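Structures are listed in the sections that come next.
Look at the two complexes coming up: subunit A is in both, with subunit B in one and subunit C in the other.
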Partner chain A sequence: MKIKISEKKDKLWLFTWIGGILLIWIWDMVFLNNPALRQIEEGFINTFIISFMVIIFSLFFAWMIIIIDTTVNNIRFKGIKLLLTFILNLLRSVPQIIGILAGYILLTYFITGNVINNHLLIILFIALIISLFVFQEIVDLMRERIDYFKKSDFFNAMSVCGISEFRIINYDILWKNSRIHLLNKLISIFGIAVFLQCSVDFIISVGLSTEISRVNLPVTLGGLLAKIDSKQDILAIGQIFGNPLYIINIFVEHLQGITIAFLIVFTLLSSYKISNGYSERYRL
Partner chain B sequence: MNTNNYSIHIRKEKRSLVRIDSFRFFSGEITFLFGESGIGKSLISRALYGLLDPQELTISINDTPFKQYLQNEKTKHIRKNSFFVFQEPSSHLNPLETLSTQLNEGDLSETGGEDELLSRLWDGADQLKIKDLLSIYPKPHRPSGGEKQRILLTMAFKKINLIQKKSTGYSDTFFVFDEPTGSLDNHYRNIFLDILFEKFEHNPFSALIITHDYSIISEIYKRHNNLLSQIRFNELSRNGDRVVQNDFSPDKYLNWLKNAPKLTPPDQNKVTPDNPVLVLKSGLQVFGYKLTFLDKNQNQTDIKIYPGEMVYLKAPSGTGKTTIAKIIMGLIPANNLNMEISGYKINEKTSTHFYKRKIWGKASGLVFQHADEALNRKSTVMETFKGLPLKRKDRISNLKNQFNHLFIKESQDKSFLKKQTTFLSGGQKQRLNILRTVILNTKLLILDEPLNGLDFESIKVVLQMFMERQQAGTGILLISHNEEIFGKIVPEDKIYYLQSEIL
Partner chain C sequence: MVSVVIIGIFLLLQKQNEKVKQKTESKIESYLNSGFIDINDPLHKIIFKETLNHFYPHNKSQNDSLLSALSEYRANRLLQSIDKARNKIGVDRETLKKTLFMYLKFIAIYLIILILSYYGVQTIGVYRFIKKRQNKSSYLYLFIEHLNHKPENKNRTAYFFKAIIYLAKAIIKGFVYLILFSPAYVVAYSFKTEINTSSPLFMILLGVISNGMLILYSNKFYTFLITESRKGYIQNAIVKNMDNSYTFKKSGGIRRQSVFSFHKKFPGHVFQQIFSNTRYQYLTTFKEQASFLISSLIIIEMALNIQGYLSYELLQEALYKNYSMAILIVLGIFYIVKFTDITADWMLYRETRKYENKNI
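Let's look at the complex of A and B:
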């Protein structure tokens, strides 16, 4: 039994993550005031949807780049390949946080100009921005897998049978032989998306009053963490050093900040553990 | 003579890898064990020798757990008084010690005869050259596969010397040679057999020799027939989920070889013999070597293959036969390349795009040497044929016919088509590898070691398929170390010899 659990650490951590979230939700339903609970629920759901959409967009962009790569390799005009490499390297050279902040500026411009005014569209736009700065991790993995198989007899043996390079790369290498590797990368992309989103939302929300702001961005965990109430709740942890019994109050009176911090940290930790466990299970 | 009978079951998690109810080897005799690759020959012998990892596999021998089998006094005696020559010599040798040190490790230091053995296995090569070789630490590329194999054989023979010196009874010995001649050409293979039988004649021991090389039978009948009463030929085959061990009648092979099918001229209605499907000029240069082709009179010549011809390219291991196949298919660049495939002129400047458009799967096809590496292991049998340029309906019905022909037993089982290739036996993989290319019906077909890993029945079926293609007008270039079989089938004037010289 011991061996079986250690072999499936990823599943164990997935259930731990879901269980932890459910447990804190039930706890909050009992002890947290209703408006704060609704905000946390909305923040968590928005954060989750954005991160999930980052996975979808990133995978889509990466696969498109690989398709373009394959097509460009088969045509004689090498200028397109150079242009593609230049654009990707340019994007890669921008620090992720800076790039995403710039994207938020563009988003604000669109919202104030009434180009984007739908809540769902705003969420998708944020996911799109984040994925633009993380999708190259998937491109790198896909290229690594393709290069690995191109060196083996498998690629050449299929090629000389007249099977198209497009099919070998997309179906035989990426789909048949790299799904597990890609899924593992997508789990870590989820963690990266949560981290980047919370960081940028925290940065732009500090000192920003949603009541007087001209732009209402969706509530996310990062934005909620920047609220004065949350910060006070977190700082209240320091009271425990002087008065250990104060710990009870932390879990009853300072729930908003503690819950948000827990959700962020626990999600990051869980995605890291799930990804590691998955790698171990499939010996990646 | 005692018969040692074992029931063996080896599993990995829930999957059964090998299950045999009665595996026999005979004390004081030499048993040659044939059978297609992947059927479990190596696994069974490793289990009996106690070389498998009980943490990774669940093994029972005679219904006894493996750990208990390892503690058995007889097992301990066998391991002490025997030697196991691994199929892949690199996995046997320690990269952190010189070959010389390894030749004298453990109780191997208690016996001599090393110089004589080395000299014989290197066919009287200069002693200084051998000494130089012994001073090196084994690396993947040096010594060569053949040299590593001969070092292991030297160790095994030293161990035989030792037990003969100690007069250990043969019932406590179990020498296993797993594909001992896989990297040796026929000349060195025969030297190995000479030494083995000499030692056996001097004082018998028990040995199991796992091999795919059926031509060993001819050599034994020609030169060691005085020992036939102490030699057995067995074959492993599959029966449902079990593996069974049967006697292999040498006459079956020898008679077949005697009456081996000869190539007949192709159907004149289908073939226009004026235009060669391949012209490859001598003198191409690759990896710092110049490669030339010689005819039966050892005169330099060019390779020319006309429709309906089968041409056999011979050379010792490591000369560059596979490299030639890959150069023809545009997978390895070569200098001074002057070639013509189905009328398309090709030189070193010809681009990969040209091969994609005109050659690959259209004018020419190549069956790769190692089926295990050439197939997508994650694909099912059915998926192996997807993506091939087989649009016409007649080609697809041809695929079904050829499949049923090559996979007679398997085609009865509908689930076989959905089986992942990784779970196929080596022989099944090789047949699938061959079929994938043959079905393309290209004008030129290059076969690189097409009999690798096949059992005797499969060899016959596969050869018949090649001859049908040749009859239908396909030009075939054969590359194989199996000189006995192809030497019989291919006419002498269609045999070329490959020679390489350092530039």
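Let's look at the complex of A and C:
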């Protein structure tokens, strides 16, 4: 039984995550007021959509970089290669959180200037900003896989057979031999996206509240957590240390903040466990 | 090159700040000094708004912006008398001095967390690896297993006591996991009523344990250990009878002290080779960890909203649209990232030369 569980840890944790969220949703339906529950639902869905879009954009950007890499190497255009390296290094040198914050400032300008006013476009823009600062992890992995296979005989053998480098890299290396590695990386990117998004939303709701309140940003878990009633709920946890029996009240009276915090932490923990289980199953 | 770009933006913003400030203020002051508008009077305010909308019917949003700019200007003037320093646009010597102090404090906290996490990552990774080799199962699994093997009538108390111990350990472990994965602001607000969360000591503690950094990188270290232990040369050493016992004991096996010491050494044990080679691989990810730590530290300082810290100042400068100061802080942080990169590369280079049997 133990072997079977350890072999399918990723699936087990995926079901645990879904089950945990369903359980807390049912609990909230019973004990939490309706408007707060609707907000949490909206915040969770928006957070999930943004994080999922981050995965899509990051994968796309990383793949584009690899295509440019291959093309530039073939035509030996040093200027483009230098420019690309410079842009990537610049993005890597700026801490993710600062880059994303700068992106949010840009977004508020776009919203106030009426350049972006559609809810879906705002969500896509947020995903785009976050993916700009996380996609390099996928680029690194893709480059690592390509370098690994380039050292082996199979790359030279295929080249000699007249198969184009573009096909070898994209189909034979990335698609046929690195799919599992990439999927594992994408799971962890999902966790990183949730973390960064919640953190930035929390920061701007706490620190830039007067500026942002003029702008209508989508409701997310981070933003909801920064609300005064949610923060008070989290502060109430401290009371348990003085009065352990207060824990019962936490799950009934302070449900809004506790639910949001739990959703964030549980999603981060689950994505870590799923990614770990997945790499254990495929021995990555 | 990046420095040149950032300094260029800084100088441009500094120049533009002055121009924009002069232009906006002269426009707003012309309205405020007109004599017939008293912006403090709500009636005057409404009449002024309607007049603007009448003369500029297609620019309603701009009219609203002008009104809010007037109110903001008034509020700013009031704030200026309360807090002159806050409303300074651009960079002057006094602000620079204050920011430099915060920058040094940021570096000090960053270095302490970096050293502690460097130790923590390796210690947790090694401890998990040894526990795995000792075939220790998770407490939850032990609890379930224990429940499945009910004893006869004898020893019932001991049986229940043991079950409770397993369950308590499983709950504590789960709680620790939740803390390790919690974003810093969740942990900080949970303890805010009990602990002074604005002290540098708490900041260091948060930096080490929260935001998932410790658990993520210790897991990476653990994975490297597992991969290394499967390699042929290790199997060969085990076959040749090198010490391979992972029980905690003073002679033979693993010394508990060695696991928790800063310079971990396991002389005569096969684990020494596994550990040395893993540490070399870990150095390649150290840059990544340091970069994540900087992001994490910025999140902590910004989210906790504590005055006197660099990232809080950065947020405030962005809030008050003093972008030239904000860009200067970003440049400072960029230098920390680059300095860490260079140090990590140097450490890796040193280690590589050792492996290649070259003199350093």
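To be clear about the criterion, the second predicted complex is superposed on the first by the 278 of 284 C-alpha atoms of A that agree within 3 Å, B and C clash if a C-alpha of one lies under 4 Å from a C-alpha of the other, contacts with A are read in each partner's own complex, and residues count from 1 in each chain.
In this text, a contact is a pair of C-beta atoms (placed from the backbone, for glycine too) under 8 Å apart; a residue touches a chain by one contact, two chains touch by 3 or more.
Given the structure is predicted, the values throughout are model-derived calculations rather than measurements.
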Three-chain arrangement built on subunit A, subunit B and subunit C clash or fit: fit
Partner chain in contact with A:Asn117 - subunit B first, subunit C second, else both or neither: neither
Touched partner set for A:Phe195, first subunit B, second subunit C, both or neither: second
Partner chain(s) touched by A:Leu225 [first = subunit B, second = subunit C, both, neither]: second
Inter-chain angle, subunit B to subunit C through the CA centre of subunit A, in degrees rounded to a multiple of 10: 100
Subunit B versus subunit C as contact partner of A:Ile237, first or second or both or neither: second
Which of subunit B and subunit C A:Leu90 touches, first, second, both or neither: second
Which superposed partner A:Asn249 touches (first subunit B, second subunit C, both, neither): neither
First (subunit B), second (subunit C), both or neither touched by A:Met158: first
Subunit B versus subunit C as contact partner of A:Asn33, first or second or both or neither: neither
Most subunit A residues touched (candidates subunit B, subunit C): C
Minimum C-alpha separation between subunit B and subunit C after superposing on chain A, in Å: 5
On subunit A, the residue positions that both subunit B and subunit C contact, one per complex: none
Touching residues on subunit C, where the partner in the complex is subunit A: 1-2, 5, 61, 137, 141, 177-178, 181-183, 185-186, 189-194, 211-212, 215-216, 219, 223, 291, 294-295, 298-299, 302-303, 305, 312, 314-316, 318-319, 330, 333-334, 337-338
In the complex, subunit A residues that touch subunit C: 2, 86, 89-90, 92-98, 101, 105, 114, 191, 195, 198-199, 202-203, 206-208, 210-211, 225, 231, 234-235, 237-239, 241-242, 261, 264-265, 268-269, 272, 276, 279
Residues on subunit B engaged by subunit A in the complex (per definition of touch): 326, 329, 331, 353, 356, 360-362, 364-366, 368, 370, 373-376, 378-379, 383, 387-389, 433, 436-437, 440
Parts of subunit A lying in touch with subunit B, wherever the complex brings them together: 74, 76, 152-154, 156-165, 167-168, 171-172, 176-177
